[in-house]
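When the chains are written out, they are named A, B, C and D in that same order, and each has its own residue count from 1.
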Amino acid sequence: MSIYHVGILVGSLRKASFNKKIAQFILEQEESKFGYRLIDISELPLYNQDFDDEGNPPASYTRFRQELASLDAVLFITAEYNRSVPAVLKNAIDVGSRPYGKNKWDGKPAAILSSSTGVYGGFGANHHLRQSLVFVNLLTMQQPEAYLGDITTCIGTDGTVESQKTKDFLRSFKNAFEQWAERIIHTKGQD
Amino acid sequence: MSIYHVGILVGSLRKASFNKKIAQFILEQEESKFGYRLIDISELPLYNQDFDDEGNPPASYTRFRQELASLDAVLFITAEYNRSVPAVLKNAIDVGSRPYGKNKWDGKPAAILSSSTGVYGGFGANHHLRQSLVFVNLLTMQQPEAYLGDITTCIGTDGTVESQKTKDFLRSFKNAFEQWAERIIHTKGQD
Amino acid sequence: MSIYHVGILVGSLRKASFNKKIAQFILEQEESKFGYRLIDISELPLYNQDFDDEGNPPASYTRFRQELASLDAVLFITAEYNRSVPAVLKNAIDVGSRPYGKNKWDGKPAAILSSSTGVYGGFGANHHLRQSLVFVNLLTMQQPEAYLGDITTCIGTDGTVESQKTKDFLRSFKNAFEQWAERIIHTKGQD
Amino acid sequence: MSIYHVGILVGSLRKASFNKKIAQFILEQEESKFGYRLIDISELPLYNQDFDDEGNPPASYTRFRQELASLDAVLFITAEYNRSVPAVLKNAIDVGSRPYGKNKWDGKPAAILSSSTGVYGGFGANHHLRQSLVFVNLLTMQQPEAYLGDITTCIGTDGTVESQKTKDFLRSFKNAFEQWAERIIHTKGQD
């Protein structure tokens, strides 16, 4: 039985998204102290501060914020659009950080995996996301960085992660993330 | 009568948005060779590649892309959320850049003005946006950079730009942008 | 008596550097579990991999690397040059990260304070430095961010930090850094 | 006979630097309206504002600044160190931008080619450099971006660019840069 709850946020809405398949691989790993679940960010309207100022946020905002509050850690698995973070994921960051003074990300451990069909592995999205995570105080793992390039070659025709090298990398990344998350969680009272 | 059509995209959805007020100031300047109009980006659903792959994009995408095609230049006026570009603006960049091979931004002159209620003037949003503009090949003015900090102090109680210093800066920024845009437009056949 | 050794690296070579004065303020605080000392980076020749490949690095490289090895944590106090990290500090990062496989920064806690005479407080230098620290695996504090703008107004004619607001900020920043550093140091065996 | 003078600045000091070999390839192309030459940046001491404030800059600074003044355009060919710009190149940017008010880069056309032995092609260095070029007002080509990954496989045992794909890319990049540079140079009086 899992002790720690990790939310996975996927930065791509495409049904057959490669990033969703990577998320699926993480979800299917043997259970450990860390239990993973997908957090749906597809239905969040574009952030508008009026929603919060008028005290009448969309129901999807409220559900999402409650879900974030219940998490111990956050894992981002994201595509890159135009050398930066896809709007769907940036929107989730913005919604979760508000209303002012009620930032739901604050102090949780996090990690980022970016991918692309090209060779650069979403480097631009990865580091732009890191800059936002500084502000919302998600304590992001530094190493290993995770840029999965040529992602189409890692996924088989059945839609699962096929390449052994990719499987090994994902498992070691997950393992490193859990060690990082434990360090942060265990010392939480100390800041 | 204006010869060149400039679209203004505002990176904030708030009704009383400071950035909308700055845009309004630009719109109200005496007409020149450059005619400005607001491009509505509030109704674009979060970008999902399936829309394009299935050949059935939302009507708002089609209208927006047609509108972009008619522009000679683009002016971004944006807030900063969490040290980066608000999702509403990143989404517009993404929608306008697609479907693959039909990037509507390609080769147009552009400029960025960022603002914030704090002192840093949206520096993070400004430069993250610049990185995306490299990829979509919007030819972005380098100088003057435009970071408007403490934006609340520049706007009067009637909702218009009040500070003379800000008015002067906005006019000189607009002027520099138009000179940059002319250089790009006049040499367009040459690349 | 201090238990933890913190090295301060200053990103400015000017004799009357404001950043040196901020460093001096940190050095003069009452001793705690954390003992601070300045690390001289002014004499390091521009990094050239040949030095290491030929097994004959400058004596200043060797001394600097030994000094880094003895540190428990690192504090960067830096100016911004041309919207990024001053070469003197980037050079120190590069020298300390090499030769390949002997990265001296690896796993240590770190924090960044940037400053500028203008209002933006070295935002560009701060976040560019963060990107390098991801790679060398310095575990960098996220919050509070520290951008000191208008730095000339914070320093008195005698060259010491004068503004009470700045003093208070520096003390609370130092305090937050020490709490962060303790969390990292105490859980070091756990990764 | 060349009409336009382009300076190439290489961001690596290693004798057998891959980036120097790419620069060499550019230098060996058939002469056109654009004549290229290497600008030596290896001897510039780390930038210290005191040099300029005291009116006594190193001779290497003065020579370098004079050389920049004679250029019509600038081409950067750079390695990436620790996800950012090598200190040697950042230093050259800083020296060329000073003393205050005498920025030698101002208004010239520029382009960036980054490379790495890994697959990411110096993406981090490329975009960090772009941010500095905004400030010094080098008018940087947006497309094509040039990230040369796996650079070791592009260079032959004789130290010249060997891969036909790389040669073709470098020629088309050079061609695009020259078209961009002409657009900027021809409209120079117009801003």
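A few notes on this one:
The rule is short, and it goes like this: contacts are C-beta pairs under 8 Å (C-beta built on N, C-alpha and C of every residue); 3 or more make two chains touch, one makes a residue touch a chain.
It should be emphasised that the depicted structure is a prediction, and the values quoted were computed from it without experimental measurement.
More contacting C-beta pairs link the chains of B-D than the other of the two pairs B-C and B-D.
In terms of the distance between Cα centroids, chain C is separated most widely from B.
Centre to centre, using the average C-alpha position, chain B and chain D are separated by 30 Å.
With centres defined as mean CA coordinates, chain C is found 37 Å away from chain B. Residue positions of chain A with contacts to 2 or more other chains are 83, 124, 127, 131, 134-135.
Note for the complex: chain A touches chain D at residues 83, 119-121, 123-124, 127, 147, 149. Contact residues of chain D toward chain C in the complex are 12-15, 42, 46-50, 53, 81-88, 90-91, 93-94, 97, 124, 128, 131-132, 134-136. Only residues 127, 130-131, 133-135, 137-140, 142-143, 145, 176, 179-180, 182-184, 186-187, 190-191 of chain C touch chain A when the two sit together in their complex.
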